[in-house]
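Shared between the two complexes below is chain A, which has chain B as its partner in the first and chain C in the second.
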Partner chain A sequence: MASLDPMDNRWRPWRLLAPALTAVFLLLVVPISFIIVYSFWLRTATGADIAGFHLDNWEEVLTDPFYRDIMVFTIWIAFATTVVCAVAGYIPAYFIATTQFKHKAFLLLLLMLPFWISYIIRTMSWINILGSSGIVNVALQWLGITDEPIQMLYNQWTVIVGLVHFLLPFMILNIYVSLYAIDRNLVDAARSLGCTGWQSFREVTLPLSVPGLAAGSLLCFVLAAGTYITPVVLGGPTDAMFANLVFDAIITQLNWPLGSALSLVLLILLGVLVAIYNRFAGLGQIAKSFG
Partner chain B sequence: MTDHAVELKSVVKRYGDFTAVHDTNLGIPEGSFLTLLGPSGCGKTTTLRMIAGLTGITEGDILIKGRRVNDLPIHKRNLGIVFQNYALFPHRTVQQNVAFGLKYRNTPKDEAERRVREALELVQLPQMADRMPSQLSGGQQQRIALARAIVIQPDVLLLDEPLSALDANLREDMRIELKRIQHTLGITTVFVTHDQSEALAMSDRIVVMSAGHVEQVGSPEEVYNRPASEFVAGFLGNSNILSGKVMDIAGPVAKLELDGLGPVLAATDGVGRTLSTGETVKVSIRAEKLMLDGADPAGDDISTFPGTVTTVDYQGQVARYFLESGGLTLQAINTIDERPLQEGTETAIRIRARDCVVLPH
Partner chain C sequence: MTKMDDTKRYERLLERYGNGDLERRTFLGLIGAAAVTAGVTGLPIAKLSRQAMAATPDQVRFDGWGGVVSEAFREYAFKPYTAKTGIDVVDGTFGGADEYLARVKASQPGEYNIAHLSGVFDYVRYHGLELSSELNEANIPNLENVITALKDVLRNVTGGKLSAVPYDYGTTSLAYNRKYITDDQMKSDGVNLLIDEKYKGKIGGWGEWKTRIWYGALQTEQDPNDIQDMDAVWDAIRKHRDLSLKYWASGAELMSLLAEEEIYVTEGWSGRIKALQDQGHDIGYFDPPGGLGWQECLFVLKGSPMAACEELLNFMLEPEVAVAVAEGQNYPPALDPNKVELSAKVKGLPAFDPTGTLSGLNFFDPPYWNANEADWSKTFGRVQKGY
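== the complex of A and B ==
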């Protein structure tokens, strides 16, 4: 009876957490459990799935060089995107963090502006820029630099461009948060001890912004590695990434068991990455940039 | 003028239309401890940062060791700065923090190690070299910040309210400690504070500032006993500021007629000019120099008025009295022999001529 007493403090946290826990359970734990179970089923030539505990899907996914190559390609794209975001994002983040401009909130709002437009539309906009009748080609032809439109779209570089376009604000925000938290006096102290402006950046600002860089990088890498739309819209026929494989297996081939195993591989890979990051940096840093 | 380690010549600092520091001239003698004292927002930090090179100057010149440094970037000025919040590098050990400035002076490794050790011994924390700043208490961080600033043997040591983040007891210990270190090294020091007791206890010279102006420069005794303005008299300690008229002048002593109180003898040596009879002046009398019944001074330069105790603020060793006399409210702080005077007591108020200071304006 005691546990039903609304004033019983022992149950209070659980009661407060109940809606969230229910949502997590129904929307995350249950579907993932299904996928785990599915990944051990077997797909037959007739199209029917055989329930049971079969390692065939896992064996195929883990040994077939086709999947391995695409995994390597996915990691490469995510890595390249992250590096470009880190380098290109640091400068605006530094600017916003150190500017004397009174309306910093406005600058941060500008950073959020792209999110008001659908990700797919933003991705497609590159077709109007880099496509054969896009603005770059039209300009080049008009200037007489080329006669024929240059094929710039539909390769791994345009996939990276599209992903950077999408992920840059996340990176800037994360770096900004850690730069903003750095005490200006630290830089002044370094300067007074003999550092030039550049040296004090290297000695103080850069090392102290590493947590933000790391958090932004993790976010960019995970989001890039799981991307599905960008390679479809901006990649060539050979630029499929891992999420495209999952889509293909499940939606096109209706092979749920294989698709399940594939998606779990991606999940585990990214999960390991997050765990490593958490081991060294702590996930709290990412939460800061959303706070 | 080369015996001045730092010199400010007609220095002005403006932020847009706002003048943070007005035309300021200041010489800081080699090896001395100078304090910039004043209320919040009076321009102390701005002045210090201009000397440091952290803030540009709008007009005038700053000379360090006789050399004009207006356009010399901060990293070439060879100054030691201690910030109010310590500003230790959080990602470096204590050792690395203290050695930081030596690294940029290309000091050989073994010499650097020796000097870091000596600096840590000077601040009495030799065993902390391998700690991170986050593992130190506030007082310890303050000492490390000081060690980091002095290890480079700076031409001038600049301290911006270095003690204000410490709690009261520690603050008094550190104040003695800081003075000891400054004395040991004989280093020219500019110290910023809004705490008058800190300034009086530590300084060779005090610069009292108000609203971007220098109000007075002098030794602690001078600014305390011979305030040059109403502001200084009011800012340091508790003072009674009264106005009156000059009746007669006899050498360093003048006979005044104070509004409400009547005739009084007053010292004129702080005025810096000759007064003329009939002139209206202001005088400052420190609360602890107003002597009530129980303290009976002898001398022929004593003026006496009747007064009534209206409020008693008993503080154990001393009591602060508010008195009514001639329609004025006066403040007196007296040590107590046995028990304080009671409210409503009629008492005699006595003032020695040298404690009744005529203000220059």
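== the complex of A and C ==
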């Protein structure tokens, strides 16, 4: 029974939101606040930290071309991954959205199947596929196409392959949700007005699925840009991404202040990207794909 | 009373095992059964007695390198220790001492207790961060059997006292695939094979700054403990980087890269290469002049339950246990072969020094490397990534 007390009604949303707000505050706001404070500290030669307000870490991160170049490389890898995911993900999403197959839910379940296996294991599986004694090389030699193994692993392309493997389901789900919501009558109307199949796709289906494509692209880009494991497992000596710098600073060099500044730079960059997306497309589309 | 009975039973078993009256499998089976019995019947009583003795902990946390090393510890040391004392050993792993240090730094004192750390370098580093403890050596009688040189180098750091017991040693020398590189070629070219353009894309290396700099120094014909031309070393590291397929990050990855013939030559850890050889891979192992030796120690962190930790250390240094662990992990134990009879298998391990002096091995000079740690580790982070 709803309360008739206006004061009670005024606080009701806050009471309902309180658990979520508490979780966000404790698990997000507080840790990020710590990181912000840490980024202004300094590290001594012995590994101990000097508390205070020093801009040295920020100055180093923002002016040193080393960090800039790694950030550019990270953006390039994330961008390439996103493009490949978009192209490769649209086709299965379109198929699932338009198929008359009665067990559509089963197809969606198959899409989620890779998530049942650890991300690291999935990443390492590429070593058995693309390695010198992996399936591809064995097949190529058995078919007589090559005499000796082709070096396919440990470069930026295998990093992209590993990321696409990881992120493709996110893209497919987002596009699928968008395609599924399109009124089929619009496509039929386009066809009845003389559009070819390709024209109706280009003029009707594709534009209406752009929100899903954009939401999937945002997710893929953000997750790819923050990846650490994939370049470690599948990358070569010079294929480090920005998250690897954070790891190096915090773990190898025990320089938590610098690591904090680096992680905040990545957070800010991706945060700006999300804000831009939200301004033009809205984050609601991403929520739809997760039901 | 129960505890004393278990202890006596264990000692009798250990004696029979040591005399060769019991096979290892039987020994471990009986110890395991004792552990189960203690766990099932003794737990409530043990809990009560522990409440009465607040200084006795329920558990001791041990962190090591994982893989075959941790398996050996679990099988030959922790299970019998728990059976004897009723104290559980929480067995954690880390990928490197740096990673572990970051975890310790973020923890409360006493949360982490014993770590299987690398060599003197980490000992100095942890001591410098005020994480060291002071062992009561009277509680570790087996320490008497440890190679004196290994103890002395630690004592020098902590003012004559010990915060760790030396446990094993090994080398990081050159591993190569004999199908592509002959023994003679390795002997003549040595460390320069790691920067030989002929093997571009088939060279590997550990992505750890100290090892890279050590080998960079050897490639530029400098003393790694007294480098005069650091620029030349960085150039050698860059050259190695450009010719390398990959920097490996763990023993498992090292073994995989060599076994799958992704790389033909790299520096490698002696125990891991021995494991590969035992698996039938035709991998050679060569200690070049100036090759890198190291010792590992069992470091007790400040805030740990000292008596329980000292008892575990003493147990781990028990010759039977130390030899079993050494055979499991393929690294010679820190026990002095002049004081303790070691098995034939241990004597056949790479890097084993029958003299017990370790005078033939080259180690990091702690003050020199620790003084340069901040600068060199940061610069290596850049060089490693293409700068």
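Quick notes on this one:
Definition applied: the second predicted complex is superposed on the first by the 283 of 291 C-alpha atoms of A that agree within 3 Å, B and C clash if a C-alpha of one lies under 4 Å from a C-alpha of the other, contacts with A are read in each partner's own complex, and residues count from 1 in each chain.
What we mean here is this: a residue touches a chain if its C-beta (ideal position, glycine included) is under 8 Å from a C-beta of that chain, and two chains touch if they have at least 3 such contacts.
Since the model is a prediction, treat every value here as computed from it, not as a measurement.
Contacts of A:A215 after superposition: neither chain B nor chain C is touched. Once the two complexes are laid over each other on the shared chain, residue contacts for A:T196 go to chain B alone; chain C is not touched.
When the shared chain is aligned, chain B comes close enough to touch A:P207, but chain C does not. With both structures placed on the common chain, the touch criterion links A:L186 to chain B but leaves chain C unconnected. Set against each other, chain B and chain C differ in how many residues of chain A they touch, and the higher count belongs to C. In the superposition on the C-alpha atoms of chain A, no part of chain A is touched by chain B in one complex and by chain C in the other. Chain contact summary for the complex, chain B toward chain A: residues 52, 54, 73-75, 77, 79-81, 83, 85, 87, 89-91, 100-101, 103-105, 148-149, 152. Of all the residues in chain A, the ones that touch chain C in their complex are 43, 45-48, 66, 70, 127, 131-133, 149, 151, 153-154, 232, 235-238, 240, 244-245, 248-256.
Put simply, chain C touches chain A in their complex at residues 96, 98-99, 101-102, 105, 125, 128-129, 201, 207, 209, 241-242, 244-247, 249, 256, 260-262, 373-374, 377-378, 381-382, 384-387.
Residue ranges of chain A in contact with chain B, taken from their complex: 183, 185-186, 188-196, 199, 203-204, 207-208.
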